[in-house]
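Multiple structures follow.
In what comes next, subunit A is part of two complexes: it sits with subunit B in the first one and with subunit C in the second one.
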Partner chain A sequence: MTSLIARLAAGSDARVFAIAGAGSRAAVQDLRLADGVELVDSPRAADVLLVAGALDPRHHDAVRRVHDALPHPRASVRWAGSRDVLVPGAAHVALGTDPSSAIRAAHQALMHGTMPTEPPLLPDEDPAPWRGVGPYGQGGSGMTGGTPYGRPMAELAPDRDGLRLDLLPTRLGPFSSLLPHGLELDLRVSGDILVGVEVAATGLAASATSASLFIRALTEPVSIAELEIGRARDHLRWTADALRLQGLRALSLRALRLGLHAAPGDHRAVERLAADIARTGIYRWSLPAADGARTELLAGARLGPSTRASGVGEDERQADPAYRSLGFAPLLGAGGGAAAAWRLRLAEAVRSLELAGRGGDTRSAVTGAVESPRGRLALGDAPSGRALGLLPTLIEGMEWGDAMATIAALDIDLDELGAVTAGTSAEAAA
Partner chain B sequence: MVDLGPLAIASAVMVAALLAVLGSWLRAARRPSSRTAPERVPFTGGQPPSVHAWSRYHVRYYPMALLFLAFDMEMVFMYPWAVVFVGEGLVAMVEMGMFIGILLLGVLYAWRERAFRWT
Partner chain C sequence: MSVALDAALGVAAVGGMLAVGSLALAFADEAAAAAVAGAPLRPRRLLVAPFRRAASALLTATTTTERPDGGGRALAPALLAGLAALAMSMLPLAPGVVPADPSTGFVVFSAAVAFVMIAVFLHGWSPNSTLPLHGAYRFGAVALSFQIPFLLAMLATALPAQSLSLVRIVEAQAPLWNVIREPLGLPIYLIVGLAVGLWGPLNLPDADDLAGGTSAEDSGLARWLWEAARTSMLVAVAALGSAAFLGGYLGPLLPGPVWVALKTALLLAVMAVARHALARARIERFVEVAWVLLVPLALLNVFVSGAFLL
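Let's turn to the complex of A and B:
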């Protein structure tokens, strides 16, 4: 009986919680298409922890906490350029090679019982033990007697109905599946409404680099065909992630498959995908409705599709003579809001593939700024930096689900942000 | 002789479930939790929580009660209606259609007032 259960368990997909460190976001996303591996959204549902990419020492404790959040039996795989001791006992896979066979092997060994479960990395110390007033920690005032597990109760504040209820402070991130990894938000939640938002930390490694096409295009002419295919793929990858957040798994995998290999001939497939997404009804039912003040904020922030979705024709490509010679004109949405930004991204992916087909050998001009898939990109000024500045104002007062969809629609790329700002600080030093 | 077959099966299932629950409870009671403090903390992305998890929020009983009435009254009247439906025929069909239509207006109103969005 036990061996039958072990055999069945080993035959199932290995459920993996992945920490996407600096420079590994796309690689981790590609794992969703790997056979025998299923990426899950919480370590509680995982068998294997995958720690990918570079991580600063300030994140090491968070990694250990995530590791300890996995239920037994658990194993971990370190997917990085060089060996380190971040997770002792983890199998090492070099970044750039496929980790799925190592993940499957670890899962099999766990399920057959040939590999012991990994012990916790953090000491068994309650950070906030129960403390009452008595000599043995007992007693005290109030319903619970003392402070339950040493942590203070949430503070009280009037909610929108005038009732005095709790404001729950929540630190989300750095490795939450709802946010790009590396982003930490300090949220204060009243019921389901975010009443306070602060960006607590961003970035995973100080030495962030990005091999992004668009960063290269800042300093050297790049073929327009290459740039536009890159843009279409980026939009499709974003769509895959946003669909995953909305719980539409099959469509998400379809978008990701398209995003891996999209080429100029694929614009029909992207159009069909866009039509199928529209047919699910999420634009009307799941995404937050457009809101005047928020649309206004995005309209002035040069955030690419998010800005153009409100009808503002802001696009760095218009300043590039190479694009003008191809007859480029930016696509515009109407009214703004997350749904308009979704639609516009898919329409832009189609348009980019068409442009790439017509681009031939034309090369972009170096003008000091590039229209990245996220908006205007220049040295020292990344669209994700501007988006992070707007984020608290954008999501304050929203319901939880709407807020998460709004953050997703901003398409924050911390690697790009790190690479562009690290470049300027190095230049300033030189 | 009353046929006790179904009753016997039901009791057997009950007793088995009870034994299973009791067994797992005894096992858990004999051995204290083997999980360490960091393993027991709720997961929010890798940071420890700063306040206790006991949080009082508005359950919104009032819209919940109204919605319950809208849906429950339908069912309450549909049970006796289902009994006489075959005898009454089309008249019962139309009458129930009107009744449900009126109740549905209330549900549509609740929908418009965003009562289904629990915030």
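Let's turn to the complex of A and C:
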């Protein structure tokens, strides 16, 4: 009986919580398509911890906390360029090779009991002595309001809707499934409304580099076909993540599969995907409505699709004679808001694939500033940096789900940010 | 002795129906997901997947959080599964065959649906953690909004039967099924059913934008039990929906229980497709639609249903 259960369990998908360090975001995303591996949103649901990419020492404690949140029996896989001792005992897989067989092997060994579970990396003790009163604690002296000893406690908040509500301070990140990994937000939640938002830390590794096409295009001419295919794939990858956040997992896999190999001939397939997404009712039922003041903020921030969604024709490609010779004109949305940005990204993916098909050997003619999938990119100035600056103003006052959809719509890429502002992100965090 | 035997048979029947229904839902869900994702369906893998998942849950430890309400955490999935079983126990399977037939079956079923709010809130509140708590609050808003449309939609089925007994409600559909007599009833009922089962477009408390919401802190067997309780609730909603709107065991040629199974499977398939084809509603939008649109429509449904009796 025991061996039957072990055999059955070993055949189940390995459930993986992945920490996507610097330079590993797309590779981790691709694991969603791997056989026998399921990426989960909470470490509590995982059998295996995958720690991918480069991580600064300032994140090591957070990695250890995530590790210790996995239930026994657990195992870890370190997916990085070089071996390190971040998670002792973790199997090492070189970044660039497929880790799914190592993940499956670890999961099977755990279920058969042939591999011991990993002990905790941090002491399992309260960060400070518990001073609450009664079985559930709250209410003792020094235990109300703020975050005494690292524990968020409710505090009194001003009236909302004529009700006095508790205000809950909470920290989201750095490895939350809701945010790009490396981003930490300090939130104050009143009921379901975010009444206070601060960016606590950003960035994964101070020495971040990026192999992105768009960063290469800052210093040398790059084939327009290549750039536009890259843009379409980026937009589809974003769509896959955003669909997942909205609970449409099957459509998300379809978008990801398309984003992995999208080529100029695929523009019809992207159009069909866009039509199917519209048919789910997502634009009417799921995404927050456009809001004048917020749209205004995004309109002036050169944030690519988020800006163009409000009808502002801001696009660096217009300044490039090579693009003009191909008859490029930016696509524009109307009214702004998350739904308009979604539609525009999908429309741009289609347009980019068409442009790539016409591009031939043409190379970009302007360097120094380019239009990345996220907006105007220049050395020392990444769109994600501007987006992070706007983020607190954008989501303050929003309901939780609207705020998460708005953050997703900004498409924050900390790798791109780190690569063009090397060094400064670490300072910002310190 | 025979009372004890009857009770044991009844419990086994209800448990068996929930288990078979849950498996059917898992298959329908995978099939719908594969169709939407454009991925191949692998039937053999599909058939063993639920058993594999259960085995791996058995071998995985249940974690705890800082200062949880341990009793509440243990109780929540049991309460939800118990409510599903309570509802299921009143499902008429054939003329004269029903595990339990209280004269007020309608009220018992409605009470079970109302109590789902307690189970979900308890599940989100007891881990003493932010995201689960947030999911719990969300379900409070959802549940308060769906109670009235649900009750009204069900009430319209009791009118032609002139009885609160679910057996009588099925019998009264012999001339005409309620899905035709009161066409608004079933859609309203199904919308509420999605919310009661925390499923797809109305899975707000356990949503992806809360990293799993009320179950974000669950692991191992506790996580599996909650998932099983949720699907059981959905199966119970589908089964009673088939009785209240699709005529239950009524149908030509095939024996009654087969008709019940087919009609329940149909509603489960609708729910499986809804999960992958419809986006999750914003909570504000759902609350607004429930009060402004569903309540008046459900009232209209009651009036129409009543007019048939004049």
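Just so we're on the same page, the second predicted complex is superposed on the first by the 397 of 430 C-alpha atoms of A that agree within 3 Å, B and C clash if a C-alpha of one lies under 4 Å from a C-alpha of the other, contacts with A are read in each partner's own complex, and residues count from 1 in each chain.
As a working rule, a contact is a pair of C-beta atoms (placed from the backbone, for glycine too) under 8 Å apart; a residue touches a chain by one contact, two chains touch by 3 or more.
Given the structure is predicted, the values throughout are model-derived calculations rather than measurements.
Engineer: Clash or fit: how do subunit B and subunit C relate after the overlay on subunit A?
Structural biologist: Taken together on subunit A, subunit C would clash with subunit B, as the superposition shows.
Engineer: For A:44 in the superposed arrangement: first (subunit B), second (subunit C), both or neither?
Structural biologist: both
Engineer: Now for A:245: first (subunit B), second (subunit C), both, or neither, which partner does it touch?
Structural biologist: A:245 sits against subunit C, while subunit B stays out of touch.
Engineer: Determine, under the contact definition given at the top, whether A:288 touches first (subunit B), second (subunit C), both, or neither.
Structural biologist: Second partner only.
Engineer: Have a look at where A:6 lands relative to subunit B and subunit C in the superposition and call it first, second, both or neither.
Structural biologist: A:6: touches subunit C, not subunit B.
Engineer: On the A-aligned overlay, A:69 touches which partner chain: subunit B = first, subunit C = second, or both, or neither?
Structural biologist: both
Engineer: Is subunit A touched at more residues by subunit B or by subunit C?
Structural biologist: Per-residue touch count on subunit A favours C.
Engineer: Touch test for A:198: subunit B only (first), subunit C only (second), both, or neither?
Structural biologist: Touch partners of A:198: none, neither subunit B nor subunit C.
Engineer: Scan A:176 for contacts with subunit B and subunit C and give back first, second, both or neither.
Structural biologist: It touches subunit B and subunit C both.
Engineer: Considering only touches as defined above, state whether A:296 meets subunit B (first), subunit C (second), both or neither.
Structural biologist: neither
Engineer: Looking at the overlay, does A:280 come into contact with subunit B only (first), subunit C only (second), both, or neither?
Structural biologist: second
Engineer: Let me check the overlay on chain A: which residues of subunit A are in contact with subunit B and also with subunit C?
Structural biologist: On subunit A, the overlap between the subunit B and subunit C contacts is residues 42, 44, 69, 126, 151-152, 168, 170, 176, 191-192, 399.
Engineer: Help me check something: in the complex, which residues belonging to subunit A touch subunit B?
Structural biologist: 42-44, 59, 62-66, 68-69, 120, 122-127, 144, 147-149, 151-154, 159, 161, 163, 165-166, 168-176, 179, 184, 190-193, 399
Engineer: Show me the residue ranges of subunit C that touch subunit A in the complex, using the header's touch definition.
Structural biologist: Listed in rising order, the residues are 32-39, 48-49, 51-56, 58-63, 66-67, 69, 128, 130, 133-134, 137-138, 141, 200-201, 203-204, 207-212, 216-220, 223, 275-285.
Engineer: Residues of subunit B touching subunit A in their complex?
Structural biologist: By the definition above, subunit B touches subunit A via 36-39, 41, 43-52, 54-58, 117-119.
Engineer: List the residues on subunit A that touch subunit C in their complex, please.
Structural biologist: Of all residues in subunit A, those touching subunit C are 5-6, 8-9, 11-13, 41-42, 44-45, 47, 69-73, 111, 126, 130, 132, 136-137, 151-152, 168, 170, 176-178, 189, 191-192, 244-251, 253-254, 257, 276, 279-282, 285-288, 399-402, 404-405.
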